[in-house]
Each structure stands twice: as structure tokens, then as C-alpha cells.
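In what follows, a structure is listed as C-alpha cells, so that the remarks can point back to it.
Chains: A, B and C, in written order; residue numbering restarts at 1 for each.
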Amino acid sequence: MNQASQRRWQRPPFIESSLLRWGLITGGVLFLVVSIGTMEVNWERVAAGLPRAERFLSSFFPPDFTSKSSAIWDGIVESLWMTVVSTVIGILLSIPVGLGAARNLSPRYVYLVSRGILALSRTFPEIIIALFAVKLFGFGPFAGIIALSIGSIGFYGKLLAEDIEDMDPVQAESVKATGASWFQWLNYAVQPQVMPRMIGLAMYRFDINFRESAVLGIVGAGGIGATLLTSFDRYEFSTSAAILLIIIGIVMAVEYSSGYIRKWIQ
Amino acid sequence: MLRLQNLTKQYKTGDIALKDINLEVPDSQVMALIGPSGAGKSTLIRCVNRLVEPTSGSVHLNDVEVSSLGQNQLRKARRRMGMIFQEYALVERLSVMENVLSGRLGYVSFWRSYFRKFPQSDIDEAFRLLERVGLDHMADKRADELSGGQRQRVGICRALIQDPELLLIDEPTASLDPKTSRQIMRLICELCQERKLSAIINIHDVLLAQMFAKRIVGLQLGEVVYDGPPGDLTADVLTTIYGEEDWEATIEATKDLDEDEADVIAAAEKVLPKPDAAS
Amino acid sequence: MPIQQQGDIKIWQRRSRNRSLMIWSGQFVAVAIFVYCWQLVSENTIWMFVTDAPRQAVDMMERMVPPKWSYMSNLWRPIWDTITIATLGTLMAVVFAFPIAFLAARNTTPSTAFARPIALFIIVASRSINSLLWALMLVTILGPGVFAGVLAIGFRSIGFCAKLLYEAIEEIDEAQVEAVTATGASGAQVLNYGIVPQILPAFAGISVFRWDINIRESAILGLVGAGGIGLQLSSSIDTVTWTQVSLILLVILVTVIASEWVSAKVRHAII
């Protein structure tokens, strides 16, 4: 036996400093213990809920599309046109903000203001914005459209700005060198580079807006959510199941067609 | 004629890229700008059309002082200076034709360019240029479908359709194979001759520079250290341009190879065929 | 072809006639749809309220300042609950998403005919349903409280994490997997040495990213009774105590910014 054969090897730990490593581990465990401990699960209530869960699940077989069909139809259609309008408005408004929020395009103060707008509209979930919109504009789809549009601005503007910041600066420079004006430069150098991805993201945002529009009804901002809420409140689970399935179906359809459109544009 | 006077560029980081450059390029002269990476070659040609703003000094193109123009006037001045880029810098998702026509952007209104309704004279010129470089059958291909040499030829068309008085050429052969490099350089020089254009060519490859340019300017750490005909480039001169250490090492290497006292140029010439042999 | 020869003049158009016709008609249809939808909006809106809104908004803002700082003592617990819901929910999602992603990825699924469609359906179902809807269902079944919130966040996030993860798995470098297989490794060993190291950074990134989103999401679950700060928000709005509302909004803002900072830090450390 020589010395070399006794050399041992162990995989080095992910976090070098052992103090930090153990600190993080104990911190994590402690958090888990405390958070689970403070959760206060009312097991009796959960147990009481189980038969109801069973009833809920069994109501999917079969779902009831017919007995509330006109309410479902109206709600879905309302959700759809809310989605269309808010996606279009949101994206149109987000283009100037997104351009302003791209560091390589805008002077510093425009950049800061635009980033501020984006951060603000991204911080609050659509439903909170909808809560206020309902207070201001009254119950109904208009409040929902405002909320979804604001959400779209934050989402789309940020991604547009990031995409512009990631573009190939040499291609951009080459168009500038021809003596193009700012708008021509935007049209010839920036747009071709960001367009394919942005169209895909527009489809994605449409998808998000539709899903969101399904919950806005909870706070009275229009869409299928109100119908869904009513069906839950009345324990008409078969109708809820039908609505949920329709939502899933539409989301799948949008996702499938957006994949197709993206391929076509490429 | 292009005239640079006391041109200085200091970047925000504090790096001085150009120190007090004085340079004149007469009409229809092709000038090669050589020097190591970081010598300020790119900065120099970008200061001419103000893609990089010079810190001080002036740039005159004929009787226009480019360095003091406002944004609108600057665009007009940029039309008169065609630029050809390293790595081609075509807008990859536009077609070849759109890329060539983008050279006319300074001449047409925004809406015309937006709807791609360029004057027929521009279209004719574009076809003529594409024919000249042998790419007219590629007009509707997307730029990213082309090979490197083809892309660079489209880049040349884009610069020429601007109807420039001056070409600013940044490392035109940096990512091309040796044969294509020569073809491109030859094409550029021929076109300059045909159209009586003056040109500044940034180039790494000393050999190519000597082959094609009538005048060579050596840049080192932002200063002109050589200005003369290609024939006068000796090993000593190259040492001043490219720096002591690097250059000595290269010479040592060539000496070791064949015990030959001939200078580096001669040694290198053996590796590549003579210009007339290639043409 | 967009290039036409007319005599010796070549005419160039960006697109061929058919293609531009198609694009124009596409654009026309899109505009028509938008106009039609806008009309529906218009019919369903009481414009008087809308024109009055700016005044109302100013009024609301005025009543919001200054925030009622003393209400803060009632908020610590909801903040804690919000973070708990987000964290435990994400944890749960990650645990379930990991195997589901492997079942859904084309290159690792055990059977394309059976396991993959099921995994994909779970992913779509989970993603299509907003966490608020999950919460609504779970509150009906389990009763209100943090537990329903955790499950809601978890159910919603499974699909999200699994989708991003299986896309990452499908993009792995097959050569590395091949190399490990060539050593004679078993299936599980190939997974451990060939696949997992490649997707681990993506996996960690996705988890942290989703956690960040979940902080936002769990802030609203209270609206349907699933715990967290949303409960205080909706009751403050219902009772029109605007000074409390502004405080809660501030708290949410700070929490969200803090969580974004944390997630950016962690992602930076991982990559």
C-alpha cells in the first residue's frame, strides 16, 4: 500500500463557506418548521371537505354544459372580447413605453421614467388593479379591460425593452450609418430584429389575458369569472366543471395556434 | 477630400482612443489604416461619420465640417459616406434587396421607406449594383441565407447605393477565407476606381493592405506612427506600429524557421501567392 | 415573384402580389375584429362613470394619504402568511413538477403513447386555471385558510414549472447523454450524470422565478379567503378605509420588490 492509494476524493460542496452553507440549511429548515407550524390546518374541516371534493371531481363526469348554457356562452364571449381589446390596447401603449425603457435607445431620463412605469404596472396583480378600476369605472367589463391593459403594458413593455437591449448593435449601427432618420432606423434595424419574438409574445399575452379575464369576475370586472363564481356559490359543480373545461380548451387552442403562427412567421 | 484636424477621442472610461490625429485623404485615394487591435482604427473611422462622437478636433468632408453638424445635417452628411462593416452587419431578417435599399434611407421619406416604395431609379441602381457584384439573382433571399463573401458584397452594394464620396471600411475581410478576402478587396478597389471614390480601409492583414492600397497609415495607441507608400513598410516600421515585443517575437519565429534575413513581408509572401498570380 | 421585368425595367416589390394581398386582408380582418369588440365594450360601458373617473381617482388618492401606519401591527401576520403560501406552494410545485417534466419531455418520457399525453394534460390543466380559481375551488372544498392557499399556489405552479423544465430537458445536449450511456451506466445513472447536471441551473432558475411570481399571486388569494394579505386588502376596500388600503398597497409593493431582489440575487448566484 503506498500513500497515493489512500488519497480520498469527495465532491466539493456547492457553497464553499461551511458557515454560510450550514446557516442556509438551518435557516431553510427553521423556516419550513415554523411556517408549517403556523399554518393552522383545521383537519376536521378538511375531512368534512373530502366528500365535497369527491362530489366536485365526480361532477366532471359528465360536466353540465347545457343547463346554464346561455350564461356560460355570454360569459365566455365577454371574456374573449375583453381579451382582444385589452391585448390590443395594452400592446399599442406598451410600444412607446418599451422603446423608452430600452437603454440603448433612449436618453437617461426617458429611460428612468419608462422603467418606473413598467415597474409600477408589473408590481400589482391585475386583480388588484381591477379592484380599483371597479371602484372608479363601476362594475362591468370596462374595469376589467383597464386592468388587463395595464397588466399587458408592464409585461409586454418590459420584454420589448429587454429584446431591444439584446439586439445586435452592429446591424443597428450599419443602418444608422446610411443616414437614416430615427424612425427609419427603427423600421429597418430594430423592427426586423425584435419582430418575430414580439409576435410570439403578443400571442402569449393574449393567452395570459384570457386566463386572467376568467378571474376578474370575482371582483365584478366582467368576464366568465362571475358565472364561475356563482356556480361555485350554488354548489353547481357540474356547471363549474364545464366552464373550467372550456377555459382549458380555449387556452390550449390559443397555445396551439400561436405555435403555428410563430412557425409561419419565422 | 477628407480632412481630420486634431481629432481626439476619449471614452467615458478614460481610455484615450485617438490622440490629436491630423490626416488628409485626397479624392479617389484608397488608404489603408493598419495597426494592432485597440489602436483606435475603428474609433477613427467611426469618428468620421460620428457613430462615435469625437471629443475634440474637427472632421471636414470637402467643405462641410461634419464634426459640428446638427442631427439633421449629420444625416445628410452620412449619406455622402458609405460604410462597410466587419462581419457584414446586414440586417439579417431583411431580404438582400431591402438591405441594399436601406442605403437610400437618407434620401427617401419615412413613409416611402416604411411601405418599401422606393423610387424606380433607386431600384434600377440597386439591380445594377447587385449585377455588378454578381448577386442579382439573390435579390429576394433573406440576408441570413447568404455566405460570408456574398454578405459582404451586399454590404458593399448598400454602401455604394448611397452615392457616396467616401467609403469608410472597417475590417472588410475579418471573417472571410483568404481567397474571398482578396476577391472582396479587389472588388472594393475596382469600384473605388470606377467611381473615383476615396476610401479608408481598416485592416488587420498587412499583406492585403500592401497589395491593394496606394497609401498606408499606421496607427498605434491612437497616434499616427507611419504614413507613406506600401513599399516603405519595413520591419522597423512594423515594429513601431505593432509594438516591440510582439513584433520581435514574430521576426524571431521567421528567422528560426528558415535562417533567412529577409523581412517578415517577404517571408509571408511565400506563404500566400503573389497578387498578380491570384488575379 | 416580387421582381417583374417590364421591358428593360425591373420592378421590385417587397412581396409578391398574392402575399401582399393576403397580408392586407389579414390586417383588415384583424382591425375589423378589434372594431367589433370595441363596439361591444362601448355597449357594455356606462361612459358617464368613465368620464367621471379622473375626478374620482384624484379624490381616492387624496383620501389615501397619509397611510394609517398604526394598522401595520395587524399586517405582520398576513405578510408572514403570504410568504409562507408562496414558499410552501412553490416547494410543493417543484417536487411534483420534476417527475412530470421528465414524463412530458420527448427525449426522456417512458412512453409517448401513454405517459406523455397525460403529463401534458396535467401541465395544461394546471396552467390554464388561474391560482385564484384554484383557491376558489379549494376554499369551497377545504374551507378558508392558509392551507387552501398553499395548495392553490402549488397546483397552479406545477404546470408552469413542469412546462419550462420539460422544454429545458428537450434542449439538452444529446452528445453528453450519449457519452454517459457509452460508459455502461444504467438508466438512473444516465439521468443523474448525463441529464440532471445539464438542467439543474434551469431548474433552480425556474423555481426561483416562480417563487417570485407566487409572492405576487399569494398577495391576492385572500380575496377568496385563502389566507394572506389580500383578505385585509379586500375588507379595507369594502369598508372604504382608504388610509389602510394605501398602507397595504405599500406593504405589497415593498414585499414584491424585496422578493424580486432576492430572486435576482439567487439566480445570479446559480448561473
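One rule holds for everything that comes next: contacts are C-beta pairs under 8 Å (C-beta built on N, C-alpha and C of every residue); 3 or more make two chains touch, one makes a residue touch a chain.
Fair warning: this is a prediction, and the values are worked out from it, not measured in the lab.
Under the contact definition, subunit A and subunit C share the contacting chains B. Between the chain pairs B-C and A-B, more C-beta pairs are in contact across A-B. Set against the Cα centre of subunit C, the chain with the most distant centre is B. The distance from the centre of subunit A to the centre of subunit C, with each centre set as the mean of the Cα atoms, comes to 4 Å. For the pair subunit A and subunit B, the distance between C-alpha centroids works out to 47 Å. The residues of subunit A never reach two or more other chains; the list is empty. Residue numbers of subunit C whose C-beta contacts span two or more other chains: none are found.
Residues of subunit B in contact with two or more other chains: 98.
Those residues of subunit A that touch subunit B in the complex are listed here as 168, 170-171, 173-181, 183-185, 187-189, 192-193, 195-196. Against subunit C, the residues of subunit A that register as touching in their complex are 31-32, 35-36, 38-42, 45-46, 48-50, 52-53, 56, 78, 81-82, 84-85, 88, 123-125, 127-128, 131-132, 135-138, 140-142, 145, 211-212, 214-215, 218-219, 222, 225, 228-229, 232, 235, 240, 244, 247-248, 251-252, 255. Against subunit A, in their complex, subunit B makes its touches with residues 49, 51, 75-79, 81-83, 85-87, 89-94, 98, 102-107, 110, 113-114, 155, 158, 162, 168.
Note for the complex: subunit C touches subunit B at residues 1-3, 9-14.
By the touch rule above, subunit C contacts subunit A in their complex via residues 33-34, 36-38, 40-41, 44-46, 49-50, 53, 56-57, 60, 80-81, 83-84, 87-88, 124-125, 127-130, 132-133, 136-137, 140-143, 145-147, 150, 216-217, 219-220, 223-224, 233-234, 237, 249, 252-253, 256-257.
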